[in-house]
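Chain IDs A, B, C and D follow the sequence of writing; residue 1 opens each chain.
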Amino acid sequence: MENTENNQLNYLLHLADTSMILGQRLSEWCGKGPVLEQDIALSNIALDLLGEASHYYELAANLQGEGKTEDDLAFLRNERDFKNLLITERPNGHFGDTIARQFYFDIYHVLLLNELKKSSNSETAAIAEKSLKEATYHAKWSSEWVIRLGDGTEESHDKIQKSILDFVDYTDEMFIPTNWEKALIASGEMPDITTLKDKWTTRVNQVLEEATLTVDFSKSRKLIGGKDGKHTEALGYILAEMQYMQRTYPNMEW
Amino acid sequence: METTEINLEQHFQNKIDNEIRIEPKDWMPEAYRKTLIRQISQHAHSEIVGMLPEANWITRAPSLKRKKILLAKVQDEGGHGLYLYCAAETLGVTRDETLRDLHSGKAKYSSIFNYPTLTWADMGAVGWLVDGAAILNQVPLCRASYGPYARAMVRICKEESFHQRQGYELMMKLAQGSPEQKEMAQDAFNRWWWPTLMMFGPRDAESGNTEASMNWRIKRFSNDELRQRFVDMTVPQAEYLGLTIPDPELKFNEETGHYEFGEIDWEEFWNVVKGNGMCNKERIDVRRTAFDEGAWVRDAATAYHEKRKQKEQQKKIS
Amino acid sequence: MENTENNQLNYLLHLADTSMILGQRLSEWCGKGPVLEQDIALSNIALDLLGEASHYYELAANLQGEGKTEDDLAFLRNERDFKNLLITERPNGHFGDTIARQFYFDIYHVLLLNELKKSSNSETAAIAEKSLKEATYHAKWSSEWVIRLGDGTEESHDKIQKSILDFVDYTDEMFIPTNWEKALIASGEMPDITTLKDKWTTRVNQVLEEATLTVDFSKSRKLIGGKDGKHTEALGYILAEMQYMQRTYPNMEW
Amino acid sequence: METTEINLEQHFQNKIDNEIRIEPKDWMPEAYRKTLIRQISQHAHSEIVGMLPEANWITRAPSLKRKKILLAKVQDEGGHGLYLYCAAETLGVTRDETLRDLHSGKAKYSSIFNYPTLTWADMGAVGWLVDGAAILNQVPLCRASYGPYARAMVRICKEESFHQRQGYELMMKLAQGSPEQKEMAQDAFNRWWWPTLMMFGPRDAESGNTEASMNWRIKRFSNDELRQRFVDMTVPQAEYLGLTIPDPELKFNEETGHYEFGEIDWEEFWNVVKGNGMCNKERIDVRRTAFDEGAWVRDAATAYHEKRKQKEQQKKIS
């Protein structure tokens, strides 16, 4: 499992699963947003992420060369094979929780795609190029909401402050490479995510300051494991729902 | 004064009769305004409540492609709701007011959304049948006498017919699929056929409001006319899919060129309208809960907006 | 489908599914009850119901004669085949909601088992005999809690009053026979559930009175359909979770 | 006074040394009482928090039989919690007080429950390994010097060994099953092996409290002794299942008759103890939420009880 091709496959699946699971989570909001305009915005981000996931799954399926489809990879892999970042699988909670999760992810996503679009793999670069435009919009949207909620009412301030703290534990994973990531970084096959941490912290803190919010990142529990398939207990329930149809009616076209 | 009123009314009706659009700032009879507010709000509510039975399957869609199509569709419905709430606002009623009427049960929405979506095939049936019926109701509204409403409907109808095709295509996949998929399709068709026919409302003989709406060019065809058009259009589509129409009385009348169909279960129709459908309570509960739980978010946005305004004013002053 | 054997199979599946789904719902409480003693009580009732379901599934599998097991019937049938009463699939809500749902069901369950134990089918009669003892205890427990919450604090009174009203809509189904039930009742193969309604209303009202609660049963929405496989949207999610393992790993022993 | 105190202390220790049980009304040193309260509460909390990782799979258990076994097991753990909270109460601390310490993070519980249960095989691994380790810790406690604690442990141990056998049997089914099932079993074993070894606590050299607890006959064996016993017991069981022990340094020492094993990752151990495990926050959140959301129910029960009492008293008076 430690050879180059497997590492590359792992990486594509990690990118795909991350967008897929966050897209799935966001789509749970559909029809239940706090304002119609934001309901639509949440679906919009979900759609972008599902689109991005599709592209990565396709590349992964090609690389794997077993004749599998994007759907096989999304709907027929088990919990221990999923490589999404833990933050993406955490429950939606209230709107502030969803915003905090999205904000942390979006800032990272933009930084990552900025590197990925320089990839020597033209297909990956193309996906990154397209997704970067979308992610930049997502980051703008979630940052604005962090500020609006942080500098809104006393209630909204307290709520988003708590949300912002709650998700800190899951942010380190974005920047801590797994063993297979270390190999890919060493061979220049993926961006060095460890170098993104400082930029991320700076940007996050800029927004938090404007939002009158504070976080002590040193107190993070530094929870990791998603990229190696070691998840929180939330993922199993997501998959049970998401994969139910494909599991129940195998080998059919939809 | 009395003469002026009569002149205004005359002038208004002349415009209508000459198919000239009424715009927000134009004079209009109070009854016209009220009818429009009621109808547009109901329509907006139907879009918003109508998101729920389909949203129910987004997280369980069987493929990435279908998940994206469904999510985009439900998102479009949210957009339609937006257009329509805006159109209603031009008549002097705020979105919050209309929503309050929805949550209190005072305002209605299309009864079709009080039926549950039980299987994936329902996503096909709803797209094909429910959106199909909606289009027949809505296309004439693109020429409705009230400008903002008519313009909203133009945008909506364009998207709806796209949705309907997607629904039909979903059904086609199932109808051409495995025996389980075929059964699923037929089952969904059986459950949605009659409720869809009910979407056109009571029989003409029992329908109120119709005459005034016709005169005002808000309504252009009667319930029974539209229902017949729907049946004539849909039966061949169903046959093409290999689906059996769940109506033993259905037959084509060579002379009239129309399909004759069995009697609608009007007891069921009125029962659901009165609030006793499977999901009436849940749908409103979900909407109300979303609204109530979102209050702090809306309050925050308002407060932030106010603070910003004040800061900018202070800047100007200093 | 309208022959006698199919009707009997339907009935056994209806009994099994009803206990199964309510047992599943109650087991969602495990570890999250409001008091440890009641957490244990909820699990206890769940266990009794799952046991009862097992027995009926076994009889159903035997009658069907296709070599299926209780697990095949519980975990590999689709939503439209499930015949449980709608009330059993409704969400747990808060403790008062769970109590209200349980109370309505328990009173019915006792009355039904009292009839079933007279069944000419000795196997059904044996299950009913055993389950009746359990159900009698359940009914005592849930009745006591209705009284305790109704005649407790103002807050608990208001909460349980609302719960009691919320579930009324799903009670008529217990006493309104489907077409296949009508055939079985006519041939004496199942108890005439229509005759249980009055006893049920009397017992329910006795408890509600002591609990200082009121319900106007005439205002019920009379929601039916579960016994014919037409469910609320809640059931699909229950099955996605409950059946996930069997769907994902078919034909294995556990 | 001083002499009396000394005499009491002497008398107390004599009883302990002669294996005579200390009972709630007996005199006992404050330190003994405090140690017991801390230990019994921790133990009770471990039972209650320990319900959660297993409850996580009840609704997804793959067969009716397994669902019932698992639910009954978790229910038993709730019962164990009850026995232990009662035992703690005999030392003068209420259940609400001890729960408050749990929810505030002041009181600890076994760190093993801060690991997530990721697959069905974890139900086997937890039953076999975690309950197995717990039994080794607990069996000596059946002879603990404090009567109520010892008696609670007798009941608990009986059930625990039943649970452990069920866990092992579940693992056996998987180990003898399909390739996927075998893989699932090995994966769960890999994840739970080391955390289970950590359940016995820090190495003897680094363990505080031990000496006093030994003298008071609350503790009878050292952490390292029990850990060794667990490894010696479990390795052959794993081999019988065909599972590979995830420790390249593991080997049997013919001379000592014991298995030698690799170094535990003590950094991970202390990290999870300090609160940084995968589920530390969730477990407490779930428990606290259940407690807070249940407040109105407990209040209602108390209020009802009071009303009843008053009514009965009024009856007596009149």
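Rule of thumb we're sticking to: a residue touches a chain if its C-beta (ideal position, glycine included) is under 8 Å from a C-beta of that chain, and two chains touch if they have at least 3 such contacts.
Just so we're on the same page, UniProt names per chain: A, C = Ring-1,2-phenylacetyl-CoA epoxidase subunit PaaC; B, D = Ring-1,2-phenylacetyl-CoA epoxidase subunit PaaA.
Worth saying up front: this structure is predicted, and the values here are computed from it rather than measured.
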A correct list of chains touching both subunit A and subunit D reads C
More contacting C-beta pairs: C-D or B-C? C-D
Distance from subunit D to subunit B - Cα centre to Cα centre, in angstrom: 58
I'd like to verify one number: the distance from the centre of subunit A to the centre of subunit C, where each centre is the average of its C-alpha atoms, in whole angstrom. 41
Which integer distance in Å separates the CA centroid of subunit C from that of subunit D? 35
Which residues belonging to subunit B are in contact with no fewer than two other chains? 60
Residue ranges of subunit C touching at least 2 other chains are 78, 240-241, 244
Examine which chains touch each other and state the graph shape they make (line, ring, star, complete, other). other
Touching pairs here come out as A-B, A-C, A-D, B-C, C-D
State the interface residues of subunit A toward subunit C in the complex, per the touch definition above. 78, 237, 239-241, 243-244, 247-248
Where on subunit C is subunit D touching in the complex? 24, 27-28, 30-40, 43-44, 46-47, 50-51, 53-54, 57, 70-71, 74-75, 94-96, 147-149, 151-153, 155-156, 159, 241-242, 244-246, 249, 252-254
Residues of subunit D defined as touching subunit C within the complex: 48, 51-52, 55, 58-68, 71-72, 74-75, 78-79, 81-82, 85, 120, 170, 173, 177-178, 180-181, 286, 289-291, 293-304, 307
Subunit A contacts subunit D in the complex at 78-80, 169, 221-223, 225, 230-233, 236, 240
Residue numbers of subunit D touching subunit A in their complex, please. 53, 56, 60, 116-119, 187, 191, 275-276, 278-282
